[in-house]
Amino acid sequence: MDHQPATPKPTRVYYFGTCLVDLFFPDAGMAGIELLQAQGLTVVFPQGQSCCGQPAYNSGYRAEALKVARAQLDLFPGDDPIVVPSGSCAGMMKKHWPDLFHGEPDEAKAVQVASRVWELTQFLVQALEVRLTDKGEPVRVTWHASCHAQREMGVVDEPKALLRQLANVELVELAREKECCGFGGTFAVRHPEISAAMVGDKVADIAGTGAARVVSGDCGCLLNITGALEAGRQPVQGQHIAQFLKERTHG
Amino acid sequence: MADGTVDFAAASRAALQDPQLRGNFRRAMDGLMGKRAAQFPDAAEWRGVRELAAAVRLRALAKLPELLERLEENCSRNGITVHWAATTAEANAIALDILRKVDAKLVVKGKSMVTEEMHLNAVLEDHGIEVLESDLGEYIVQLDGTMPSHIIMPAIHLNTKQIAHLFKRKIKDAESREDAAYLTDLARRVLRAKFLAADVGMSGVNAAVAETGTLCLIENEGNGRMCTTVPPVHIAFMGLEKVVEKLEDVPPVISLLPRSATGQPITTYVNMISGPRKSGEKDGPREVHLVILDNGRSSIYADPELRDTLRCIRCGACMNHCPVYTKVGGHAYEAPYPGPIGKILVPQIEGLETRGALPHACTMCNACVEICPVKIPIVEIMGRLRVEAVRPGGAVKDGGAKASRAEAMVWSGWAAMNASPTAYRIATLAMSRLGNAAPSSLPLLKDWTRVDNEAVRSKPRFATRTLHDLARAKGIPDA
Amino acid sequence: MPDARSAILAKLRADRDAHPLTPPASDFTPIEAKRWPDDDRLPRIRRLMEAVHTEFLDATDTDWPAVLREFLAREGVGTLLYAPETEVGKRLEREWEREGTHEVERVRGDPRCERIDPCLTPHPSHAPHGPLPSPGAGEGPTLIPYDKPIEDLKPQLFTAIDAGLTTTRGAIAETGSLILWPSADEPRTLSLVPHIHIALLRADALYDTFLQAMREQRWADAMSTNALLISGPSKTADIEQTLAYGVHGPKRLVVLVVRS
């Protein structure tokens, strides 16, 4: 676990919602904001935000990625943490922005912003040490770990720790939790057959747990996995962890 | 393809349609991942030895020209003849020249990735020389007339039944028995006769020690020792990056290579060759030759970021852990090096014109980076090659080969939309209002939703209000 | 091709000098820290090597030839190749002579050497009818000295020899590996071609790691033409990851542990 210094507890945070949340999972984005507010924090959502730049960055178009990333830089003045409900976008900002801005006039600012980025569950556990009270009915769920959350942000145990705080939630882990679901941004449409085979294995793994829901922290994975669950008429629902936690704790 | 472009997408489609193959790979790779994990129960030990192994490889690269000179000097002192080849054609010519001088009719080979790169077997056969792969997996693949599908386990795509069938067809007096022990014994019988009769043995090199002029080879079967010990002439082939500075640099590499590759604490044999038969010795080859091959490596070395590709010790762990490789297998890559390392190495050696698709055959999941014993930033290099593929000029062969005006315009439009809050707002408004009306037959949506006319994923559904809208409506402060 | 050489080196040098690389320090402590108590090394070596089908015999300075002889008789080994110039080889000859069964063959197609075609016939001890009857006195396994170049020994070496005896330069606890140091007196193929490799290991020559062994024995000062680590009999998993022993090298590895 990549522990960041968390003292003193912050009172104000920025929220970077990400473009996928914006377009496809706004309720999950809102749930994340409300989870933070429930901890007594002031959450600031800069309306000028759009995308972290990852799609272009990973497609070989660095100048375009830089242009988009640069448009975000001035939205987060000061030192308050920047919380992102996505391991992948958080990883882009935290790990890749310093490289992307390397040698640019605003490199120092990009590095400063990057250093303040947290993935949502990581922030809830490490910075806020939240204690959740479950108000929901008994349910069995499984957890899908996104690759970038695990390997770029070092977020492995935090989301599962949050799920385990919920008394009526039974967490059954996947047999191949660490294996990629096959989304990979443009990979899914560049190599649809391979991507389909990968998500096929993932869906089989999910079905094998007997869970009613698969919870994840990344919307790319969720688009892929819920899409495959629906196409395969599997009775499992996919949900963003922010939304799941909010539902369980707000009654 | 006619223009030499290798169509990874088409080859992987074919692989995915073979349930036998998919099953073989899934089983094998699950097994290997488990065995590797069992070899590293102590995370601190893994981190420490890994840092050391990476440092050893980096030090070798930092002093590469000097170490190669020193290796040559010490090999020569030990009686090993050193040859240099800029290209695979030169390396093949060197090999043929040595073979001609000793009038070789039969060559036995231990595992060597570099000779796969050279297509040496085909060249030797064209010159009427019988060449026999002696690593059991390589032997199976050679009998089958195909290519290895994994750098450590060449025949991993075949199961026992398929191999039994192959042996029955190809080996005289073979019984049809689906029994690994029987099949192994059969291969032993055939190959022992060849070791005995061979004029020349060939091998690769896992690490060449500059300090002592020593060639290190690791293996389990003993065929490598046979090839390097029994025939009167031994020719070893190495990529120029395989040098290490000191003998002490070998243990860290040996400590991680077999554990990462196959999950065994060490290979059965660590074979360290420091010369041909000395006067008074009763066995060992009379001549030992070392062929040092460049084949594009010096160009990889030129770029400080791409240079890390050359740290590789060829353990194959990256492929065992790659979710793409484990689905499509090694043949789809149509290259001596498949999997993640192949996706960064092969385009740099062969060029982005024919191999520009490979760096995109990756979800950038970083599973390979997590287990690489010498910490190669494979995914960062993958990203860099994606840049080079669309940027004319640049450091990599055929840079810009995949540049397309249409694609560049798409990304330029994307950037314009995402760099301006107003443009973004209009675009997301349009998408949330109209996006769901888009027909599934649209190019990208079609690929997303259907494969081989089967529904694989439902269409993504745009929300009617964006998070921006919700945040505004709920009065979330903007600054 | 001298041109290739200078062109490659010049390019590497120019490219490196344009972008020098500063490697991190090579910190060997993670390997140096691997230590086992004196009493644990041999059991560990044994456990690791037995896990890959190595067999062990216990003996002392006094009785190792007898232990070896008993093993060979029990297993029905007809021919043992050895290095006559080594101390071990000389001792072996003396013992065989003392027992009155000195049958040092100058390999010449003796029918008993031909008896076992090891490539085709299962080893006697593995044969369905069980081990061959133990040879009695005067019928001990035939000693065959490795006293000529391999060219003069080759066909017999591959077809008529059951076992080979070598010394070792110790063993490594971390990985369960024997160190072999072939020389003019002890050829490389002794440990490679015969179907059974018997290796004499002195119980006081144990090291923690490969690194420690090469440092203490000062390998870098003078390497054998063919230094070896051997950690078991030859094996393969190339057929559907099923382990099979005895693919190209020895089918059996027997470690004769000799205590003072």
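Order of writing sets the labels: A, B and C. Residues in every chain begin at 1.
Operating definition for what follows: a contact is a pair of C-beta atoms (placed from the backbone, for glycine too) under 8 Å apart; a residue touches a chain by one contact, two chains touch by 3 or more.
Remember, predicted model here, so these are calculated numbers, not experimental data.
Skim through the chains and flag the pair connected by the most C-beta pairs in contact.
Summing C-beta contacts for every pairing gives the maximum at B-C.
Kindly work out which chain lies most centrally, taking the average of its C-alpha atoms as its position.
B
Indicate the whole-number Å distance between the mean C-alpha point of chain B and the mean C-alpha point of chain C.
For chain B versus chain C, the centre distance works out to 32 Å.
Could you please state the distance in Å, as a whole number, between where the Cα atoms of chain A are centred and where those of chain C are centred?
The answer is 56 Å.
Name, in rising order, each residue of chain B that touches chain A in their complex.
9, 12-13, 16, 22, 26, 323-324, 327-328, 360-367, 369-370, 380, 383, 386-391, 408, 411-412, 414-415, 417-421, 424, 428, 431-432, 435, 444, 447-449, 451-452, 455-463, 465-472, 474, 476-479
What part of chain C is in contact with chain B in the complex they form?
Going by the criterion above, the answer is residues 1-2, 4-5, 7-9, 11-13, 15-16, 18-31, 33, 48, 52, 119-120, 146-151, 154-155, 158, 174-177, 182-184, 187-189, 192-193, 209-211, 214-215, 219-220, 223-244, 246-250.
Given the complex with chain C, which residues does chain B contribute to the contact?
So the residues of chain B in touch with chain C come to 24, 28, 31-32, 44-45, 47-49, 51-52, 54-56, 58-59, 61-62, 64-65, 68-69, 78, 83-86, 90, 94, 134-137, 140, 153-156, 158-160, 163, 180-181, 183-185, 187-189, 191-193, 195-196, 211-212, 214, 220-223, 225-226, 229-230, 232, 240, 246-252, 254-255, 262, 264-278, 280-284, 292, 294, 298, 301-304, 307.
Under the stated contact criterion, what part of chain A meets chain B in this complex?
On the chain A side, the touching residues are 15, 17, 19, 21-27, 29-30, 33, 42-51, 53, 55-65, 67-68, 70-71, 99, 147-148, 151-152, 178-180, 182-201, 223-224, 226-228, 230-231.
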